[in-house]
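Presented below is the structure to which this report refers.
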């Protein structure tokens, strides 16, 4: 079980700010997790399309596609940040 | 007649902050004015020695040795500035 | 070193007074204040809402401050970032650095702002006459942060 | 654009509030505050006296602000410099710049400080246990100002 968080435009488009998910065996890093969510189709496929500049944080650290994800992790998806 | 002003260390060493002076004919620029003052000897010769980093302003603008001085000018002598 | 995320406004004078209070080793303070403009990318802005990622925000800001401290000889740093609804002329963010000499304070303050802009999880949504929209990240902010990376590390 | 020389202290918060008051085009303010340290060149400083050249000071500061305005796209500038007797932790100088975007405010503020340090007629005299002495100009301040001169103009 992992916690998935969505912020800003993604939160609005997905219509949710968080969910609990059980990862299938083939999901071991950010890349495969994103691919798995994309397979939900619709807005998921659209917002998480490879061309979209989506950022991912694993346990509140900025992550890359190769970053490992494992049970208990908090994984957040969001657009490039625009604070300051 | 010109007004000569002295600031900071020069003011203290010369023992005066300002004087009125009538320039001799051969004094036409900052270089010759400085040389003329240097000829007073003593602390004047010492503080205005060529090796000393003295700054000169003519009519409240930073000047160079070639800057012209003429009757009615306000000419200030001071060490490199240290504000801020 | 302190990082705060808050909905309330902040008092620049009081924050800087606290930052340097009783520390005669601080000879220079550089403070940056970011404000809501009424115009962005040629659209007039009537209101802005700032969202953030609680927990990660504080962590990211603290890490950026620590990076600045390890890089420059500075004494104090402070970051305050507001969230929630803000109007034009409202204060958004304060970054302040205190150091013995001025160049370190200038460099560290600008470094913290550049990294905050690209690394701290805040998002702006603007209200304009054409409706509300999420602000797009600017390429120039990415470029600004990149210039702090030593050439050999790129 | 304003330049003030005064013996009284200044209120950072009030000055910045006035600088940006009612101007929603200002998205960034960078403020520099210079303070008296209790240590300079390894000597402990108990008091400092600042002397200036009345008339030329205001002229020099105004010219430096004008140079910054012609060089960067900035909206407001303010310089306040104190003179007279000051103690450690006292404020000496405030330079503030307001602009639409942050990089212009950072650059213009640092530019004004670097030129003030080498062009504005102020002199510091420090009181130390070894007696009073006039502070020597620092080569590093000259170098700092030089870096703003375009290569072809040097």
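Lettered A, B, C and D in written order, each chain numbered from 1.
Convention: a residue touches a chain if its C-beta (ideal position, glycine included) is under 8 Å from a C-beta of that chain, and two chains touch if they have at least 3 such contacts.
Predicted model, so just to flag it, every value in this text is computed and none were measured.
Least step count on the touch graph, subunit B to subunit C: 2. If you average the Cα atoms of subunit A and of subunit B, the two centres end up 72 Å apart. In this assembly, the C-alpha centroid of subunit A lies 48 Å from the C-alpha centroid of subunit D. Chain geometry summary: the mean Cα position of subunit B and that of subunit D are 26 Å apart. Annotation for subunit A: no residues touch two or more other chains.
Multi-chain contact residues, meaning those touching two or more other chains, occur in subunit D at positions 34, 113. Those chain pairs judged to touch are A-C, B-D, C-D. Here subunit D touches subunit C in the complex through residues 11-14, 16-17, 20, 22-39, 88-89, 100, 102-103, 105-106, 109-110, 113, 144, going by the rule given at the top. Of all the residues in subunit B, the ones that touch subunit D in their complex are 5, 7-9, 11, 53, 57, 60-62, 76, 78-84. Partner subunit B is touched in their complex by these residues of subunit D: 34, 50-53, 55-56, 59-60, 81, 92-93, 113, 116-125, 134-138.
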